[in-house]
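Presented sequentially are two complexes of subunit A, the first with subunit B as partner and the second with subunit C.
Coming up: the complex of A and B.
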């Protein structure tokens, strides 16, 4: 394995780490250039300030990037993802390193690629060069630049007209506190192909803070169908940053589901750009914040082409002193006539000290469109609670049932039963 | 005569409005019998049903309620349900995302666990559920639908009676279950109630109209006016009320007009 060729020295986030990551992976020269260029962008971009519009409600002054170590090798002691679900492929990532890759042989024979991004850069340079950073360039944000500079991750490629029958699952874990990982995912679905991709991040709760800065780029070709699920279950010690952006072409269909349960802090930018006419997407989100967790979602439905449809539904439950911000934008570019776009954010507060802010936005530059947005923040309906208690359920069981029902339209969309059950267990645990 | 429920001098305020709605209500329910309470709008019918079920918005300021000999006023709504009190709501709440069957099984198990019994086994639950759905002429697909969500008025009321059948309470309070039902739905609901009559189960049917009592024959009829039971009698009292109207009751029993 490439990782073992690197001397396990401790190094912080810096230019040296960028070079070391690239050398350790034995990457081609162009990939290293790309990383170093991104590092330059990272250095040239100031940290977000509370005065920046996007960061007005979320304070990250407590984040000290210099405190984290970039792991030189994966920790040996991790909980592997175990599953009895039918999967077409599986990748295990530990401390940022791909340690296991499995792909159905038939699919491999038909040209499907499932590989670490570092391997793919050597083996499929023309594909990786073409697509990596094409949807989320380093200039997107300081964190996107950081992820491009130090990122390691997964490349999925589905050739034209290939149908991937069962989901491909990627499980990523961290074994230690004090480290930083930069998960990078690139999904390319060529025209008329079909794939379901589930990405999970999980770890125990540890004392020392850790950092995850990730970028997901997913390209859905003409007439293709992609389902993408991202589940974040880091321990409560992790700062989590994610830019997840989908680009969907003509007549394609894309469904994304972003689930947030873990972390100390989570900032997620989830975007879909509908760039070909007749494209259609569903963007779903579920979050459950407890204790002192801080979540900040920025979503964008970017209608670049006419006759497209987008429907966004994000639902959150908050308890204890948790806080969430949802800020969603529907953007309809000039000429994107006959756009059909909907955005809904609902928040359920289980304690008086929890807080959610919901900020819907529309920016419409076409005149023949249908757009709507709705937002709500409120406690559990006391009449619903009484109704269930009048049937013998304790207050806690009644609340749990209302929460389960609130999330049901989202949890029912998770395509692997085993993953769905574990998620339900995680939600149940948060209700304790 | 064995008493299922004894209410003495019950005074209840609606907490939000700080207004006394029940003003010294006395009532005794005989076990295994069907009691009907009739009363005009605003007489306190729904307040009585909510107060008996333990709704936190209804504050009992005086009096006592003994269910099977136990004072239940200090118990939460869940504990009352666990002891065998069931309220069929006038306006059942929709619980989105929760299927009728999931809800029913959770409710049954909550009651069983409170009594120290084992959870119901899934095959047994299915069998009983199918049996009760057939009894109430409810389509089997009903079980997978979200509770009360998008239900018609008639479906909601049938769902309430289905819950009654599944939870097997000792005391079933029906709060205006007949309101808003067309004649077919009323017949189905009434047949369901009749099929669930037993010497172990007491019914308290609260209604504005005499209509449902044509289908569910009461053993006793009580008249509620301005927060008190002003008279009680047999089934004939319902007919008399229907023909003479509530003004007759006010005059006959010298109840002052509500302020």
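Coming up: the complex of A and C.
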């Protein structure tokens, strides 16, 4: 790999690693400065404490940032993402390094860009400078700052009025324990364009803890249409932090789907800012937590402009001693009249020791709005179970069928059949 | 719908309880809070040593705890500029004739003696820090019902206080519970013996008169097995330019099969910080009901809570909040299901007018042992103006798979169709608004004793005047 021009010495998370990552990628000076500035923000921001409202339910005192190594090169031995689906583009990332990029030639000719963020910084500096960090600044949180300082990832750019017919897929994996990766994604869809983007993170279960701290920024221009899917299937050894924020402009439409199955711990902040009149978004989430997994979702539907629509539905299944927190907020800013906003969180508990916290919040500062939210936590409906078992299904099969039915409205939204099938297999495996 | 300065001023002036009396007190502490002032309060009350120690310990908790960083903006509270103890008269009267004239006139204007004659079983009236009047019907006294001010309660029933005082709301529960525990004075102490049903409500009336006053009443209610009591409290204060602080603690024990209903119509003037901790523990097959109406105050932070300790216990919270100009009502409720087969309901209705802000903040927690519990939470918000604000913060924590819980909330404005319908029948716009609002809170108003429902509707109508146009 060209990316390994730096000596492959072991280095931890620190200022040196920031410079090394930047030099290794051969980035322009402004990009390095941006990273170092973010590192300054990271250092100046205290670690979240259990007394902070956002972290009251989620304990990360077990996280030792200094224990992780920032890999100087990708591991050679990885499971490549294989698929027979029709795709417009594909990127493989290994241990934080982009090792393969493919893009439909026709789309490339029409100005679509699919590149590693580091390459893009040199080749399309005006675009990257304009958009990178514009939706999630380093000041967003300590983890966002860390991802900006050390992040590597993918840049997708769809010019005005270009329709990308098939999904673009990014697959990211880790080959060994003890490492830290910082996946960063920047999606820019210019006015009246159309693109579907699927991002997957997956690995085996490894002995040693690993860390993934990512930031996704997606900008949907006026009248554009973006579908974004994020599937987290890290091994059970991974601490996963993700800040994913969508900014959607006038009359645009955006659908996001976040799926959480893997990791030891996952903290995701998923936000959509509706900044132009008539913008519309759907935010879906699916999580299945087992064993000792800890998930914490923070969602925000930020209505900045009038006449916008947002609809959020997060569904989770919990078993064993797993614990999930859903904390969502619909924020309607002053002047955002005629807002239509909905928020629902449903949890299915499959064991006595599982625990789900659900906190669907509303903050409304305009009076001509329609807003509602709902939350529920409960067991598998005994009547449904009885009905299925009376027809000869075992309790386990009946439960699996109920869980599949619970998730179906969400899984059916996954645009690639191959991905959908693998996901279904992963859910079934969790039901074993 | 812009409102003029003039209308705002009128709205302020309309607070009919905004008058105040000259300050002629038996004792008024220095401003500010020190261990010496706490000692002084305890000394003047002639308390047992354990209570003095309890107060001093609580003061330490208060000093150590940071201000809450969530909820309403409390940054303007100046703890050094508050009178923590003001004693208006030497002793509490058993008849209104024993109450000093100026104070009696105040309560006359508030209509308390009249209400007492008509439909109350007992009345307590607190003026500043001390209860100045207390009376209970003779029949109830004969049945062993105790209804006293809390200071007298401590003197006469020390063993009950040792057992229950500060046990439901420990002094270190939160910063304002700690403050109350350090400087508490007055409030009601109620004991209802086994099987006794108190048919008519018992009422306490709280009045702040002095400027920069802090009122810290402390209420303890013990309902013994199979008993029933309905306790009602009302609150008002004069309108001053500087702020007052009201920080109460209420502890309720509802024993097996008993039922307690606690109704509050809070109508403090719009310069009072109202920061209150209210909590009940309900045991086997017991029922606890909070009916909480918040209309007044500048800032209210109050979340009446029920701990369902044993199977069959039931909790119900009805909360109605009205936030007008400059007000923030951060209200709601908490239910903790500790035992299996327990049920709870929270119903919240809020109305935000002008730049008022009404927030629902609730907690529903189900412990791992609380199997087969059921709970339902419902919050509705009505926004009257473009600049009005409403928030909903429902915390749901479930540690058990054999439960059934749900939360629903809606936010709406006064429907144009509803308005049109009423106005086409010849009703003025203002009246139509008022009818819609009254209809919105009706499910809660109907739970109040008739006189209070009338009062609540009247207060809301007063608040609604001038809100259209």
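The rule we apply is simple: the second predicted complex is superposed on the first by the 430 of 432 C-alpha atoms of A that agree within 3 Å, B and C clash if a C-alpha of one lies under 4 Å from a C-alpha of the other, contacts with A are read in each partner's own complex, and residues count from 1 in each chain.
Keep this in mind: a residue touches a chain if its C-beta (ideal position, glycine included) is under 8 Å from a C-beta of that chain, and two chains touch if they have at least 3 such contacts.
Computed from a prediction, not measured in an experiment: that's the story for all the values here.
Taking subunit A as the common reference for superposition, should the pair subunit B and subunit C be classed as clashing or as fitting?
Overlaying the two complexes on subunit A (C-alpha atoms) leaves subunit C and subunit B fitting together cleanly.
Contact-wise, after the overlay, does A:409 reach subunit B, subunit C, both or neither (first, second, both, neither)?
After superposing on A, A:409 lies in contact with subunit B but is clear of subunit C.
A:391 contacts which: subunit B (first), subunit C (second), both, neither?
So A:391 only meets subunit B here.
First (subunit B), second (subunit C), both or neither: which does A:383 touch?
A:383 sits against subunit B, while subunit C stays out of touch.
Looking only at subunit A, is it subunit B or subunit C that touches more of its residues?
On the superposition, C touches more of the residues of subunit A.
Contacts for A:372 in the overlay, against subunit B (first) and subunit C (second): which applies, first, second, both or neither?
second
Report for A:401: first if it touches subunit B alone, second if subunit C alone, otherwise both or neither.
Only subunit B is touched by A:401; subunit C is not.
Per the contact definition in the header, classify A:109: touching subunit B only (first), subunit C only (second), both, or neither.
neither
With both complexes placed on chain A, how many Å separate the closest C-alpha atoms of subunit B and subunit C?
Between subunit B and subunit C, the shortest C-alpha distance works out to 12 Å.
Counting contacts the way the document defines them, which residues of subunit A are shared by the two interfaces, the one with subunit B and the one with subunit C?
Touching subunit B and subunit C on subunit A: no residues.
Considering only the defined contacts, which subunit C positions touch subunit A in the complex?
Contact set of subunit C toward subunit A: 69-70, 352, 368, 381, 383-413.
Tell me, which parts of subunit B touch subunit A in their complex?
It comes out as residues 53-57, 76-78, 80-82, 86-87, 89, 92-93, 95-98, 103, 106-107, 110-111, 114, 146, 163, 167.
Can you check the complex and tell me which residues of subunit A touch subunit B?
381-384, 386-395, 397-398, 401-402, 404-409
Could you please specify the touching residues of subunit A with respect to subunit C in the complex?
For subunit A paired with subunit C, touching residues are 53, 57, 334-335, 337, 347, 349-379.
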